[in-house]
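Each chain carries a letter (A, B and C) given by its place in the written order, and its residues are counted from 1.
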Amino acid sequence: MADKHTNLIVSAAPHVCNPTDTATIMRDVVIALIPALAVSTYVFGIRAILMTVICAAACVFFEWASRKIMHRENTIGDWSAIVTGVILAFNLPVGMPFWMAIIGCFVAIVVVKQIFGGLGQNFANPAIVGRIALFIGFATPMTTWSVTKNMSQAIINNAGVDAVTGATPLAMWNAGAELPSNLEMFLGTINGSLGEVSALALLIGGIYLVVRKVISPAIPCAFIGTVAVLSLIMGFDPIFQVCAGGVMLGAIFMATDYVTSPITTSGRIIFGIGCGIITMLIRAYASYPEGVSFAILLMNILTPHIDSITRSKLNGVEKKGAKK
Amino acid sequence: MKKSKLQILTNGIIKENPVLVLVLGTCPTLAISTQAINGIGMGACVLVVLTCSNIIISALKKIIPDTVRIPCYITVIATFVTIVQLVLKAYAPALDKALGVYIPLIVVNCIILGRAEAFANKNSVVDSALDGIGMGLGYTLTATVMACIRELIGSGTLFGATITANLFSPFTILIMAPGGFFVFGCLIALVNKLTKGKVKEKRVNKCLTCPGAEFCNEVQEGGCDK
Amino acid sequence: MSSGKHLKGVHVNHSKNTAGMPIIPMPVPERVYIPMSMHIGAPCQPVVAKGDHVKVGQLIGDCDKPVSAPIHSSVSGDVESIEQFMTQNGRVDTNIVIKTDGKQEIAETVVPPVINSREDFIKAVRASGLVGLGGASFPMSIKYNTKPGQVDTLILNGAECEPYITVDHAAMLAYAQDMVDGMRTIMKWLDIPRGIIGIESNKPDAIAKFNEILAGSTDISVCTLRQVYPQGAERVIIYECTGRHLIAGKLPADVGCIVSNVTSVLKLQQFLTTGMPLTTKFLTVDGNIVAKPQNVEVPIGTMICDLIEHCGGLTGEVKKILLGGPMMGRAIPRDDFAILKSNNAVLCFDEKFAAQRKETACINCGRCVAGCPMNLMPARLSRAFKDKDIDALREYNVMSCMDCGCCAYSCPARKQLNFEIKQAKTLVMEDDKKKKAKAEAAAAKEAAKAAEAEAAKAAAEAKEGGNK
């Protein structure tokens, strides 16, 4: 008889797997965020990059430190902290003091993510809660927008603010001031949070993610579509509403966060529509000029319920309970 | 097991802290702990009411019929709360204003009713008094610590004195509801760590989740190292 | 494809390195080890004794239970011993060890069966020793023993959706005519009006071959399947070919179908024409360290190590040996197991392939849901299993899982989802058993009580009657 081989590895099937793992997914998200970062660097200057890098580094540090303190396995290798950091930075005004941004990172990573058990266990998108905590905690710096390089003097005068700060298009819209053109809004030569200014760049990133099958287009389409339809109904300019504020960034990068969005396509569509409705309601009726982050946070909390009502049905079984 | 007098007194401070371990009376605690002075004031009020009502209820425990004990407790407690509120109104109107509705609400505070039900109606007057003081101190301590943290970070002051408010802008979310819950959670975690220490890890039979189990001879013997 | 819809699945790398290689018979090894349980159902009992001389095709094990298949010697030689040891299924089983004489004399019993009726046909199928050769190893005689008129479609499964395996493909190219003849025979005796041959579109030559043979005939058609794993799974191929859904707990016959692997039908046809029962098995031997990957015809009972030796041995240190494809195949701890009727591939891999992938946290990405052909939610099932929440497991239809592995394949967190679901199924089944026992006990108690009351009543009546 031939040589025997013993002590082979026994493991459960399947013995092959898709090369995509969590780290490659997160890496793709970071890659998809690069165009938006490039545009904001062009619009706001080098501080945009600095802010992004600091937030990402702070998130990675907090992730590492909290895992260490809790005696858990180190998880910074999955890139998820970097994604959170970059997205959080994209949600901040570029002139924000760095230490405040770091507090936001602390809230995002430690409070929202690690205390709830780390990646996959957080009930809401860490970056969004980080942003909201900063927004509520440091209201003034979070709404102090530094002037972009090519912002016209007329807009500043109309918005009635001093020479070093400008207003976001949404704030101007709320105040009834003269608005930038839709082309400017689309390209991103406007004021706003660091990463949300250029709809075009975010769209490029979104298309990259869809092509790489990282995200399904259900949530962004439902979200953006609802915003556009509701603006039409409410009598606003849909293109302006879609390109202004955080709708693009929120719809493509934050609402599609796997952990806090529904798992089935029908659930994702409901989720996207819900985000769109809440966003438009806040914009039109609430005192805040922008409601994307609140909308996503609220829908994040609803996600388990959406999941339970949109369970995928078994093949060949029409009604629930029809099968024995 | 009979506890010593000292144990009864210290019990409420950490080991059976009414807010952080028994999780009673959280609503007023979260609401008033925005300023350190409020924490101390509220704590003092609770301390007085709790001690007095514990003494009276313990003294009357044989007289109070079991079926109507809760209304009786509430009557006793309400009496002391009224006294405390009138005293506050007379001597510390600012504190009274700051605590507002939470002073009358002490009447239905779970801590006081809870101690009356769980301790005072089963123990002697002295023990009940000590329990009231201990629990009251525990409450005061918790409310004050929470309030100090929230005031310092949330508005940059401590007992009204400016500490860091001029250096950088305070993180105002801490004096709002979410911040309250966050500090509350952190303190509960801290107390759990202090009292219970490390959580024991559950031991699982790894063979049940081992794909090689069906070929394995060690299954019956309670698992292998793999 | 009767409907435009398809079941979900995943795209896997085919790695069909041995595609196009013909099936070469392997010389008989020195000894064969034939276990008595190669099918689902009751194990067989040896009908030969130590020292007996056996010939190829001779019956050596049988069982009178209905769900079983007889076992035949794959070689000629002497029964060296009858021993108990572990087989590749992880069970300790009775094995007949035969020392071969190399003459491969054919047994006298090997004569084509005479078939005049449906019953004769079923009897012949049982006598052939055939089990589902696709891997399920369900006795074929049971599968074919359907109520007359119940089945209207015979599906020939030539999907071969697992990576690496090419042996069905090779068999289809070599024996297409026999397969079609076999199908016609089955359809004739079981009175099935329609035959469909399902082949994945990555085997265009096989499709062309069948189309050529079937040109002009209306009874049998070829259905080209998409290149999506798992097209070869019974429930998937039934849906793709007929548009019917097979629900868990039902048999294909319940939806009017019989699904047979291409080699099963081929072997049946060979048995009906020559009388030679199932004694050899077509196998793909492949993997990144096999010196000469190839398709071989192996006598059943051959040791895996002998087979690997025949294929040129190994070029590196083997760390993992799979029986079957990498998606559903089993990893075995040693290579001194015998080849069974249900095996269709032996794949050997080195350290690099065998490296265990580290499991990370579920990120709720939904890839498992998007890949599940049964439309389950594996991530939810996994969570319910961790919580040991049997009600939730039932709610999310755990029993409908067919173990195809699409979820685990596509999981970016590398969670062993289908393994967890497999364990969850056991959990639910145990719970079912417990509940049933409890209900039975309660019913028995109730019955006893009723009987007692009845007796008391009767006694009282009797007493009353007596008093009167």
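By our rule, contacts are C-beta pairs under 8 Å (C-beta built on N, C-alpha and C of every residue); 3 or more make two chains touch, one makes a residue touch a chain.
Fair warning: this is a prediction, and the values are worked out from it, not measured in the lab.
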item	value
Most central chain, Cα average position	A
Chain whose average C-alpha position is farthest from chain B's own	C
Rounded Å distance, chain A centre to chain B centre (Cα mean)	38
Distance between the centres, which are taken as Cα means, of chain C and chain A, whole angstrom	47
Centroid distance [mean C-alpha coordinates] between chain C and chain B, Å	63
For chain A, residues contacting two or more additional chains	10-12
Contacts with two or more other chains, residues of chain B listed in rising order	211-212, 215
Per-residue multi-chain contacts in chain C, two or more chains	331-333, 416, 419
Of chain B, residues touching chain A in the complex	168-169, 171-174, 176, 178-179, 182, 185, 211-212, 215
Touch list for chain C against partner chain A, complex	7, 10, 12-13, 29-31, 163, 235, 239, 244-249, 303, 305-306, 308-309, 313, 318-322, 326-336, 349, 353-354, 356-357, 360-367, 369-370, 372-377, 379-380, 396-397, 400, 403, 405, 408-414, 416, 418-419, 422
Touch list for chain A against partner chain B, complex	10-12, 97, 99-100, 103, 111, 115, 133, 136-141
List of chain A residues in touch with chain C within their complex	1-18, 20-22, 24-25, 75, 78, 80, 118-121, 216, 258-261, 263-264, 311-317, 323-324
